[in-house]
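Two complexes come next, and they have one chain in common, subunit A, joined by subunit B in the first and subunit C in the second.
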Partner chain A sequence: MSEAEVTSPPTLHLSSGPHIASGRTTAQIMWMVNLSLLPALLWAWAVFGWPVLAIAASSILGCATAEYLSCLISKTESTLPDGSAVCSGLLLAYTLPPAIPVWMPFIGGLLAIVFTKAVFGGLGYNIFNVALVGRAMMMATFPVEMTTRWLTPALGNVDAVSSATVLAQIKLGGPEAVNKILATVPDGGHLWLDFFLGMRAGSVGEVSVLMIMLGAAFLLWKGIIKLYIPLSVLAGVAVMAFFSPAPTIYMLSGGIWLGAFFMATDYVTSPTTAKGQIIFGLGIGLLTGIIRNWGGYPEGICYAIMLMNILTPALNDWFRPKRLTADGVPS
Partner chain B sequence: MSEHRTPPPVSTMLMRGLFEENPIFRLALSLCPAVAVTTSVKNGLMLGVAVLVVQVLSSMSGSLVKHIINPKIRIPVFTLLIAIWVSAMDMILAAYFADIYQQVGLYVKLIVAFAIIISRMELFSMKHSVVPCFWDGLGMGLGFLVGLVLAGAFRELLGSGSIFGIAILPFKPLLLVVLPAGGFFTIGLIMALFNWVDVKRGHKLPSGGGGAHG
Partner chain C sequence: MSLLFWRKSALPTFSRGGVHPDEHKELTENLPIEDFIPTNVYLPVSQSLGPSAEPLVAKATKVKRGDVIARVPGGVSLHAPVSGIVKGVATGPHASLVYDTVITIQTKPGDDDPQFPEQPGWQALPVAQMLESIRDAGVVGLGGAAFPTYRKLALPKGAKVDTLVINGSECEPYLTCDYRLMLEESEKVVLGSWLIAKIIGVANCVIGVEDNKQPAAEKMRQTIAGLGLEKMEPPVKMTVVVTQTRYPQGSEKQLVQSLTGRLVPKGGLPLAVGVVVQNVATAIACLDAIRNAKPVMERVLTVSGRGIQSPRNLRVPIGTSVEDIVAHCGGYTNDLVKILLGGPMMGRTIADLDVSVTKGTSGLLFLTAAETSITRYQPCISCGECVDACPMGLEPNRVSQYMEVGRPLETEQFGVKECFECGCCSYSCPSHRPLVQFMQVAKAAYRRQERKTK
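On to the complex of A and B.
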């Protein structure tokens, strides 16, 4: 931006966009996002045990290795210290089942950075969310491990039992499965509370809606994310919840909270204007519901976000801000 | 019709198809069958041989008949010529290689519509005599064959851990690459390799990026 600024005469300041500078660097933002992701990891460690930390480390290592090597090969300044690769690695780990073999996230991280970021030109040029492409590639490469290695959460547990996620159970069993799940709730227990706190089988970082909300609240307070995208994603899913036998479970399970607050809001792959962001979010929510209700997978947020990522350039173009003249009249 | 042009040297004609104007990796033609059949070396080889034979015969027969066809209807005539050779090839493969034919048969019939074959007839056979057309067709066909075998070997080795159906690795390293999506990744990676070699040889990348259309 600096070379575009006109230094003299100083009366009229001409520069290319972006025109609003917040005084924050990419590195500051990315490390704050990483910080906001920690509560969910702490919760995962509490209910799933030490393996989740190994998964996170393996995934981050994979992303960081690929990031370092791709910068080395392309002879550009290393973008490793800015924390974006660490963020991708952390988010990728959050989308994986907690009992997945620990070497797999490393492969996933490598593939994600190379094929989503490096080949498109590095930081800021990726079309798709890096972590989600990593997950999609792992789904294709390790289909069994990615869909069966679930754990039943237990605070301070020693022997974790494997069980299918609620969405998978409903997908297979329909309304009867819901009754079965409800029957397992002890008297005086609240199923929605368990789901809200994160006492459910699911991917590493998605289980606790509360912890995700804590992290998201921090990002909102710091002004890093805005509510347009997350709320419209949730609204879209809520519409689709009407078709579900158990709407409350529908809204509190799967990865929609993690996806809505931390993945759909990725700066690089989401639209910049408020209108565009609302359409983007609604699209994600509706597509998630379509995949969940009538598609082949129990959860659809990953593919829904990637599909809407493709539309981002178009949304930016369709919902441009109106240009105003000095009098405030549209030109 | 105009006189024959002086054909380039044989090595140039061969290398053009194999590398500089490789149908798959430089011209980015016929990517659909290239992605669909390269799940194993055997399938890739089969379709590659079929294309090679059809390309050589079509180029030569196109060159033979170019003086007696009205230029206005040359495209339909060329298509008919290709269809003749494809039908012959199709029947031969169905008769002698029934097991592989079950997997690649659909794409063998589709060779009629492969852009590379008719484009070589249009660009080369119309201006040259039969013998250079043989070399040009051989180069292009070999380029296609090598491309399919390269992609097939990469995908079969990484996706199934085998080559020619013989297990080489005790595990399947990356199932992704035998899936259709992996086909695009594979073709893209080899395309990047071709561009990289081209840059190393002192050529500049076309302004629109890789996969320049010839």
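On to the complex of A and C.
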């Protein structure tokens, strides 16, 4: 019946449409986030030395081990290649003091994955940011190591910060502490520049605002994150900076930049609509300030994000996308 | 992203969502329409939405091109697309219904085959008679929906319509048949549009063409200027508007918004905002029906994809089998994995080559593994890409989550019933979730429930 010979029939796939895809995959997104975190790690290595790489490796190993084992136990295909466990491990490492004993991040990573992700059903089902729960659990488990193992940066002028982060000093010492810090800066030095570049004490991945911005710019360019959440987090913190004796330092220290661009923007635990994201971000910023100014900790971004994570499902219900069709019009 | 790099096109488009997949139109856009008549045609009697047709012929009946061979009582007819002998009326495969009654005709052209000359005085026929001609010619929406055209054009009493939109968007990737029709038969498109405008009684007609089909827009403009529609009776002001290339520009509600700025209300038709939309190929079919008393017997479709040796734009009789088209186009390649009827966004996969072309088949695509996506899906990571991509402002992510835990009847709150299955959500999902399919299953659950409560 046919003009030309039809060769042996092919194996045809049947499926519902659409039959083409944008090409973006979950694994791609996760690995691009990991890539965007590297500048901050490189900077940490430059100012704090080799230990930070050991911390990152230990934390990633902890997360990966837990991820691998939980897939093994639940008899599902290993989700290690999707890069999300590595991402959690890196982020957890970034929130730790650079001189913490190297075995502790491993424990933290293990606990984080098991109790935040695996028991909830794996990727996509967690309620809280995995890395931050890891940090919170480590604060409870290793309170001394988590708050005292700081290192003096190898670069810069701020040498009064070898034992504690600037926020802790200000919290304990008030305006006098600010004057003391300012006195350590030689004439012609710019304290804010040291903070912006990352020549200060602090957690592994949070110290350089510039490096975090570099990574964030990459994610923005790739369309992986949008600015709604980070900008509103920063706006919220900025409001609370009015209550600080040193607003510039307040804005440039601590983990708000890392938190705003890399943790609050976690897809799984943040709202999906622009309005929801703005409220979510503002809430994080304001809560961070409340904890910093009047709470028990010098830094509050970790708990602020976790608190707003709880609100995410509600925010998704309250702030819905706008339907195209004019409702209520008789048709 | 939009906050960082503000990019604004001056061309009109719909207000939210949409995607821009790789177009792949280069495979066939420069290939003129070719005729192909197979030895046998296999005509499923169900060719349009609504009740199915009754066959009027039996084995060994001799038919002439244009003879009515099946009819929906009081509705559209199916005509013999070729002259020849009926070889059988039996159950056979159907593109979307799985099985249907199929009339097989062996082609045997004769010297006395009808030629469908121009009918004298066709321009001045009364509207009721024009509608009858359209119905009797078996005209249905040729853009893919296959809704009987006479029913769409017979406006309900009291309907206020002021604009006719002619859809030349062809927003599905790969497909180029409407583009070729606008280039090669622009005069028929324009005259057909004028007839439709006359039937529904409007003086304003807008032809929407996407930005990536500029030559067609230009050709249409020239043709309109050359025909002098303002001087015809009744005069119709016809304009070509170039829209942004953005899928699903060719969807009725989106196109109406792009061209007129009007929002079609929830659950309503464009009619509710005074607009009737017709596809370019349907306009040609209406002209053929009224000017030449020529029924719908053939259609132009795009045969494309990297899985077929020589992609083409073909004019084939309704009922031409996929197998014959494959043979005519040089066979498929070894890495073929999917055959689709329609475009890659909304088309359906077929399992066998014995399926045949119906009136609604606008494309026949042969996709290789590299062109299509065959992957297992993963959990929702709540990235919100589907929410951003949805042109209707729905929440496919949440529908899918409810479906996964078996709660289909709680998904109306996320807009399931407004979904027209364009596929933008699944297309943009990084976890490859079958979001459209979840929507379809949810809608089916609501239909079942409605039947039960009746």
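FYI, the second predicted complex is superposed on the first by the 295 of 331 C-alpha atoms of A that agree within 3 Å, B and C clash if a C-alpha of one lies under 4 Å from a C-alpha of the other, contacts with A are read in each partner's own complex, and residues count from 1 in each chain.
Here, a contact is a pair of C-beta atoms (placed from the backbone, for glycine too) under 8 Å apart; a residue touches a chain by one contact, two chains touch by 3 or more.
From a predicted model like this one, the values you see are computed outputs, not experimental measurements.
Asks: On subunit A, which partner touches more residues: subunit B or subunit C?
Replies: The partner with more contacted residues on subunit A is C.
Asks: In the superposed arrangement, which partner chain does A:L123 touch: subunit B (first), subunit C (second), both, or neither?
Replies: In the superposed model, A:L123 contacts subunit C only, not subunit B.
Asks: Between subunit B (first) and subunit C (second), which does A:K226 come into contact with in this model arrangement: first, second, both, or neither?
Replies: A:K226 sits against subunit C, while subunit B stays out of touch.
Asks: So in the superposed three-chain picture, is A:K322 touching just subunit B, just subunit C, both, or none of them (first/second/both/neither)?
Replies: It touches subunit C, and subunit B stays clear.
Asks: After superposition on the shared chain, which partner residues are touched by A:P143: those of subunit B (first), subunit C (second), both, or neither?
Replies: Touch status of A:P143: first partner only.
Asks: Just subunit B (first), just subunit C (second), both, or neither: which does A:V268 touch?
Replies: Only subunit C is touched by A:V268; subunit B is not.
Asks: Can you tell me which positions in subunit A touch subunit B when the two form their complex?
Replies: Checking each residue of subunit A against subunit B gives 107, 111, 115, 119, 137, 140-143.
Asks: Which of the residues in subunit B end up touching subunit A in this complex?
Replies: 174-176, 179, 181-182, 185, 188, 192
Asks: Tell me, which parts of subunit A touch subunit C in their complex?
Replies: These residues of subunit A touch subunit C: 1-7, 9-22, 24-26, 28-29, 82, 121-125, 220-221, 223, 226-228, 267-270, 272-273, 316, 320-331.
Asks: Residues of subunit C touching subunit A in their complex?
Replies: 1-4, 14-17, 19, 21-22, 38-40, 173, 253, 257, 263-269, 272, 323-324, 326-328, 330-332, 334, 336-340, 344-353, 365, 367, 371-374, 378-385, 387, 390-395, 397-398, 415, 418, 421, 423, 426-432, 434, 436-437, 440
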